[in-house]
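First chain A sits with chain B, and in the next complex the same chain sits with chain C.
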Partner chain A sequence: MHGRVKVKSTAQQEEEKRKEREKKLKVYLAARDACFSKRKEGIWDEGALQVTQQLLSSNPDFGTLWNYRRETLMHLETVRDEDEVQKIYEAELSFLESCLKVNPKSYGSWHHRGWVSNRLPRPDWARELGLCDRCLSLDDRNFHCWDYRRVVVKMSGVPVDQELAFTDRLIGSNFSNYSSWHYRSTLLPLLHPESPEEPAPPPRRASSSPPPSPQSRSHRVCEEQLLKEYELVQNAFFTDPNDQSAWFYYRWLLGRAEREEIISCMFVSREEERVSVAFSRAVNVSSAGLLLVLDGQPQRVEWRSVHPRFKHSPVWICDLAPGTISDVTNEHNLTVHWMEKHTHRDCALYTGRTESWCRDSATDQELFRSDLSVEKTSVLQSELQSCNQLRELEPLNKWCLLTIILLMRALDPLGYEKETLAHFQTLEEVDSMRSAYYGDLCSKFMIENTILKMEYAEVRVFSISDKSLTTLCHLDQLLLVTHINLSSNQLHRLPPQFAMLQCLEVLEANNNSIENLEGVYHLPKLEEVLLKNNKISTLADLEPLASCPKLKRLDLRGNPVTQVANVEAELTALLPSVVDLLL
Partner chain B sequence: MAEEESQFEEFEQIDFLGDRHVRFFQRTLQVLPERYASLETTRLTIIFFALSGLDVLDALDVIDRNTMIEWIYSLQVLPTEDQANLSRCGFRGSSHIGIPYSTKGPGVLHPYDSGHVAMTYTGLCSLLILGDDLSRVNKQACLAGLRALQLEDGSFYAVPEGSENDIRFIYCAASICYILDDWSGMDIQKAIEYIRGSLSYDSGFGQGAGRESHGGWTYCAIASLCLMGRLEEALSQRELDRIRRWCIMRQQSGFHGRPNKPVDTCYSFWVGATLELLDVFQYTNFDKNRRFILSTQDRLVGGFAKWPDSHPDPLHAYLGLKVHPALNITQRAFQHVQQLQQTWRGSTGSCSRHLCTFAISK
Partner chain C sequence: MATEDLPSEFDVVILGTGLAESVVAAAFSRVGQRVLHLDRRSYYAGHWASFTFNALLTWIQQHHEEPQPEEVQDWSSLLEEGEELIPLSNSDSIRNLQVFCFTSEEDEEEESPNTTEEERGGADEDAVRETSETESADSKDEETNQKTEEREEQAPQTKGEEPEADQPTPSAAQSQSEPTKKKISYTQLLKEGRRFNIDLVSKLLFSRGSLVDLLIKSNVSRYAEFKNVTRILTYRHGQVEQVPCSRADVFASRQLSVVEKRKLMRFLTSCVEETEEQRAYHGRPYLEFLCDQQLGDNLQHFLIHSIAMVTEDTPTEDGLAATRHFLRCMGRYGNTPFLFPVYGLGEIPQCFCRMCAVFGGIYCLRHSVSCLLVDKETNRCKGVIDSRGHRISCSHFVVEEGFVGTDRKRLATPTRYLSRAVLITDNSILPGNSDQQVSMVTVPPIAAGGPTVKMVELCPSTMTCMPGTYLVHLTCQSVGSAFDDLSPVVTRMFRTPQSHDQVTGPSVLWCLYFNMADGSGLEVEGHDLPSNVFLCSGPDGALGHEHAVRQAESIFLKILPEEDFCPPAPNPEDIIYDGETTSSTTGEEEKEEGERGEEEKEKEVLEEKQSLQAEE
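Let's turn to the complex of A and B:
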């Protein structure tokens, strides 16, 4: 029911049309009834093919008729010799061609053609590929045709390099051919795999993690071929920088596999007798299989995520039985095993120490390389150079800007921070429709840079103020942070994920637009919360704070909630531990 | 004076013509023009578009609900006396095969009569929209019919005698299981594997493995995972972020379904709903989208078209309106199914996902 442009017609033309329609209807009903009565009587002959042919010509989506036709054909296979069957199927292919001329997007017709090609005694694959060529020359985005072509290639064993050459030709004549680039992305890894000697992946078990996606290792391309592809795709985006096809393909080429899954951090606190564990991705502890071993003894503990909202979380906590590690004169060795991934993390809690941790830094994990390959810096630098050349010619092209940002983050996120911010400014102006998206993306990169700076300085203070932050992310990397300063930004809320900041003692978030504090939840060490000039408007908004037992100081000046009747008394009742309340 | 007039014209240009759309959907439920003939076999889906459209417009009282409910139940493929046809049960698209009209069992055996997964899905939704309590749906038969349609690779056929198989029918199956509150109708793990296998290099979803990314199939993938409650299990944060990025880039004014294709009203739903389910609809430009959709509004006969200056049709008319993102029905109908499920379970628990809607009109 897609796309017919309006054309006006006269009353006379309308009447003529009506008469024609009535005639058609009579013919249609007669044919349909003849069809079904034949079928009922179990008649599978050329007559049956005739009758269904009439109907299918005008309605190729009458699925039942294709089924009847298939039954008829299968029956004929058993009562005719091979040559006759060949002729019958060839006639079928001709019939299908005429159907496809009428509607080149009919699921029924393409499906049936695939079925016929499979059963034909002597298939003519060249003819099938020829049909696809003709169809694609009329509409190179017809995915039915592309899908059928893939089936034909598979059935006939066309070599991959020949298909790759086919995409070469299409792309060569028209760079703006998204479907060709797509097809290329599926062919390339087959022809030039990243590591041909790599053993086959182990068979998947029922509870294991999801199967690999096209971005993962087995679908990557070897380096030599990659360089050739970079050249091809650069030609494309230099020729037409506004066409997304080449840019998406380029992004995929630059991309790299998902990183290894590990336990990124383990934190132990004597005071709360609690163990906090951070994973490299969100897990569900029941399927993940977590085992805590203390001084060689497996512990029976209940793991919980940081907030009741999360069944899946990167951070999990458990409480040890009272007295287990509270004595500061005792040394303890703890290990957490992630059974599903066969990996673990150790942490030693020394005498005289009240807490301990063990983690891989963000730098170690290469967390923020923004998906790009880290193997050859020189390659990335040369790509960055090319893109900058294009930017001189096309300073307002958003794809170019985005790619440059990506490359800069891969090469030197801190070194390129100023340029990155400037490019985001331009992006928000050039593609203002997506300015909210770019705002959040920029916030993410600024948070990443702050994490890197914090790690280089080897402190547990996270400070990112006056950076137009619109959103928070990577909170799982802030498990060890004791002081956080988010003042003078554009935050609206501290989301449930904020509860991952298990070591937080001081929270400064003045001068934002915060109206929701869901994430300030069961933070055992939190003492000070500064929320001057925000948008907290009801007492209910402050309820999560009641779950923080050590909260002493709370600054709510400049929030609408201070105007609520009897606010001081209500807050004293809600938050009894707070001795310093500023309204 | 001239300036005022042109301002008034401008206002008229962008207003939403609710009444016309009501009449458009009413006509859809009566007689359709000749060019819809090929849709006879899938008539129930057209009915669904019209009913849900009227529901969104709060205008269901223009039709006779009971007659409609009876007609839909007449499309149910019920088990025969000896239950030999269980794997063929569900709902059919219309009466085109010629089964005698009946709203109760036992079923009649006919070699070509069977349910069609998309008709079962739209049939159940239509009943919910009309306020029916689904008590006459033979749930076990529907689920048996559904199980018979799933292949080894996790995808589904539309009908038991075979058809093309792909991610569209996984969505239909997931919706059916969700509505009937019974996931024995499908092997979820296999379906998830098929869905993951359909993720393309640019982080959109194709109809199946190796196939081109497309807004419609991306919707089917994400909505299915949401209905199953497995979104974050099946896809990593990084994958989800990339999928969001692919979807965000689909907005041109309205949305298109694939790069370098023209925008089309229906993708405002397919891609918009996906963004909603992924929690990032706020990144889109609401005004531009609304303006495009309204530009495809037919001011005379009502309804929306795929493009401006094209004929309106029920699919685009319906998808130009606002609905619940995962089940593709109104909030009201969604709450109805939740209440029904509570009665079936005899508990006060609820299994809702996002209950957000996004406003196009009103």
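Let's turn to the complex of A and C:
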């Protein structure tokens, strides 16, 4: 008969484990020292491979050892024939496989595998792809593996359509996977480019055309495929509307339009002898190559941004030499060339006029719809319908609400204004952690709508009072505005961008929480500033106003600064041009 | 083990090697009780067994034979003072066995390309002829059926000897449409018979059910291997559809609209928690609750029949409990809530037997107990007399109910039966991307008042059928005979000579119908038996194994209320044997010793099993 079984006590097990650990540590340290001394002596042989292998299999994140291993391998390459090298590298790959089993997220192991695969005389890419697929099936978010897979795909020239099928498979097993969705976004433009009239057929090999950088190639996808993608991604967000990855992909699908890079506005003022230029994006003039031509003569001018804080800015100004355009009886033709983008804008300053401008208005450019593509309205409309369908089922889902808002803006920003505001209200309630974000986003959309309204009315008055604005944006679009009314909002500051309002004469910003006037800076025409009931508390906060030469009227009633001792005298000293000061 | 060597004293004697008995055996042996585990049969697992094709044919034959009246031997000479005998009987609950073979006896002639035309012509002629035959058969339906059955019963193993009559129409039709695919013949089934592991009961393991918990807890899981059921199917509007139940399924489903997807996902996530709203429906039908959730017909069908697996009038609380259980089991091992043991369900009782043997339990097959020895005064079983006339004393006796005469059993209701059908088919019921799918199929009653059928389709990678075939198990509570209950479903979903021409499903090569007693109504005690004798019932009709595990645990706890039920078996490296000195040996050496010790034991057990099988 067999003896009765007993189970070891835990104390005994602990003791054994401790001894075991000590033993292991001793062996490890001895091997490490042996390794280092070998390297010092410049020994590059199989023995070196063996001893590093022993160490790396227990600790694959030891970079120095990988380096030593690579040195050894490179040396062996020079002294062995190809078959032997192939064998050595194959052994290396299977060793790496065992390392990855221990730690599938080791930088060292993955990097070394990439290095080995590159040097292998006869690489077996199918096997490498298989390895990646296995790793990704265990953890579909292992970005080390995703990186390595990209290398393998590139090296072995896996056809794009196969790769798309691969993402289909991963998304099918778990669609909560940013990597797969993102990979799709790089593959689709290659496989289904937007313009079918393009002479070259879609590239079949990824190796021949690596995924293009955003600048070099359009990210657009042909409409037919786009509709299929909409369907796929809808299946995902109807199945689980709280999963972000699908929504992000959907945003990418909808918002593919890229704005044209142009000089959107040029403004010439005779009185200041100044030219202001607005670009479609923030630029740095020194690298953009800007050239001003006046009546056929290139001018030597000093371009500056509207505020010293900006190295990059959408608005740049320059002063002409005194007397060049000051005579009101002369007509002038001005041109600004944006050399980098091979574009320019002309502006004529006619006789008797004190100022002149030339621009593409926001409405002309459909500027505020370009967050989403200039897609066929019918498609967007049907997308809006299905999102509304989802909203009926999930009235409190923030991703759905946000997407609806974006679709509404793409379709008809003014027509949907009321609904948009209602949705924003719901968003701030259901996702209170991000209420500030929604507040800012809503402000942005309200400003856009106000700009549109102003342009339809063809006026230079921008009025957006009592709209709960929390932030200001698109100020580059307000270059020509003479009157601005921001009263009764929730603004805390007039940011440096505010200095882009080069034509501003009257600033109304009563009943806000403004404590900082940084942006009221060198505004040449500003005469009146109304800041009743704000939070300006020190004289220093008012200093920027001193840079506005024409300021005559200032209302500071209801601000803490009015309680400062001797405030009136100080202000008179600070702002000598002001004749009408309300405290 | 040779009978002569059997010790004459045990703590527990167990007769029958079904699941409950085997779990009881392992549990007792594990806590140091001396266990003798016997089975009259030549194979393990009783009605829970799995057979190769050939062994199944033998089993069928045995059940067709008239049970030979056992010699009633008089063991009263072995009685001691104050004892009396309770003889054990042997009633088998298998009824209404019917076997049909729809494939040809011999291999069909090789279709070489140059003779294809001719061959096909021939096949057509055959088809025409056979169709007319079938029609005439239809007209005198009953009579023919009767005849078939008789023939079956006389000689089931020679079934295919009349290939003319048995050659089915669909085979010809199929060879026409898919000339390259050759139908597997009966001879091939016999030749490859060892590749089959055909279960007598058809069950699955719920991923978080009591059997899986027990397998893990006791470490018995190391003796078995499992496969995930890969998909849940249902039969609806005459079609087999996949039931989306995981997030990935719902996402990928092509049958559901996006709105349905949302509704389903929302229902599945919301029903996990009990709400006021749900409580309001207590006692009212689940269907009513689902209707009020405005889910639509599709989703209602999926939820009632495939996910909760209940009927439309099941009370809401039960329906929700079943739904929750299903959902809790999802995702533990894969995209469905079920596991199936590779090599068939018969493996599971054997795994527990193995655990019992490793801890010293003694096994004898083809060895039964003739009668119990009962102390008249205390009405306790003192021991048993085995089928070879040896007196073996024991403190407790556990027995499969089939060995106890009906006169001594207390059955709450008249015996209920399960209807079973086993089909060998040539294709999956829903061919998909992969041909290695394990499918659970729910078939709601096809006629009002008919039974709900649970169907499990196994692919060759489960090691239960030969490549190129699928093994399909159908189970329902019987209303009539197994054939009456299940053949309507079979002829609708599969191609048999009785099927309509429109049926496009897989062809049935061979099938078996039988009824088996439903073990769900039986209590472990409270019978006209000594108080230390406990009954284990046979398989029940439920999909999971909860009934048998509960029974085993309750028997164990009644006898040893203080002991742990199936505590984890120690890992080999943690085992020390008495007599070994622990201080002088290092851990490593110990480990080797330990492993060797257990391996030796297991080897012995295996050899024992093999020798028993060799005896057959």
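A few notes on this one:
Please note the rule applied: the second predicted complex is superposed on the first by the 500 of 583 C-alpha atoms of A that agree within 3 Å, B and C clash if a C-alpha of one lies under 4 Å from a C-alpha of the other, contacts with A are read in each partner's own complex, and residues count from 1 in each chain.
Convention: contacts are C-beta pairs under 8 Å (C-beta built on N, C-alpha and C of every residue); 3 or more make two chains touch, one makes a residue touch a chain.
As the structure is a computational prediction, the values presented were derived from the model and not from experiment.
Which of chain B and chain C touches more residues of chain A: that partner is B. By the document's definition of touching, of the two partners only chain B reaches A:R281; chain C does not. By the touch criterion defined above, A:E16 lies against chain C but remains apart from chain B after alignment on the C-alpha atoms of chain A. By the document's definition of touching, neither partner reaches A:E417: not chain B, not chain C.
When the two complexes are overlaid on their common chain A, residue A:E340 makes contact with neither chain B nor chain C. Within the superposed three-chain model, A:L393 lies in touch with chain C and out of touch with chain B [touch as defined at top]. By the document's definition of touching, of the two partners only chain C reaches A:F238; chain B does not. In the superposition on chain A, A:N174 makes contact with chain C only, not with chain B.
Once the two complexes are laid over each other on the shared chain, residue contacts for A:E331 go to neither chain B nor chain C. In the superposition on chain A, A:F143 contacts chain B only, with no contact to chain C. Residues 1-6 of chain A touch chain B in one complex and chain C in the other.
The part of chain A that touches chain B in the complex is made up of residues 1-6, 21, 28, 32, 36, 39-40, 58-64, 67-68, 107-108, 110-111, 141, 143, 146-147, 150, 176, 178-179, 182, 185-186, 206, 210-211, 213-215, 219, 243-245, 248-249, 251-252, 258, 281-282, 284, 287, 311-312, 371, 432-434, 436-437, 440. Chain C contributes residues 32, 247-248, 250-252, 258-259, 261-263, 265-266, 359-360, 570, 574-580, 582, 587, 597, 601 to its touches with chain A in the complex. The part of chain A that touches chain C in the complex is made up of residues 1-8, 12-13, 16, 19-20, 171-175, 234-236, 238-241, 386, 389-390, 393-394.
The residues of chain B lying in touch with chain A in their complex are 34-42, 96-98, 111-112, 158-159, 161-164, 189, 192-193, 196-197, 199-203, 207, 210-214, 232-239, 242, 246, 248-249, 251, 258-261, 280, 282-285, 288, 306-307, 309-311, 313-315.
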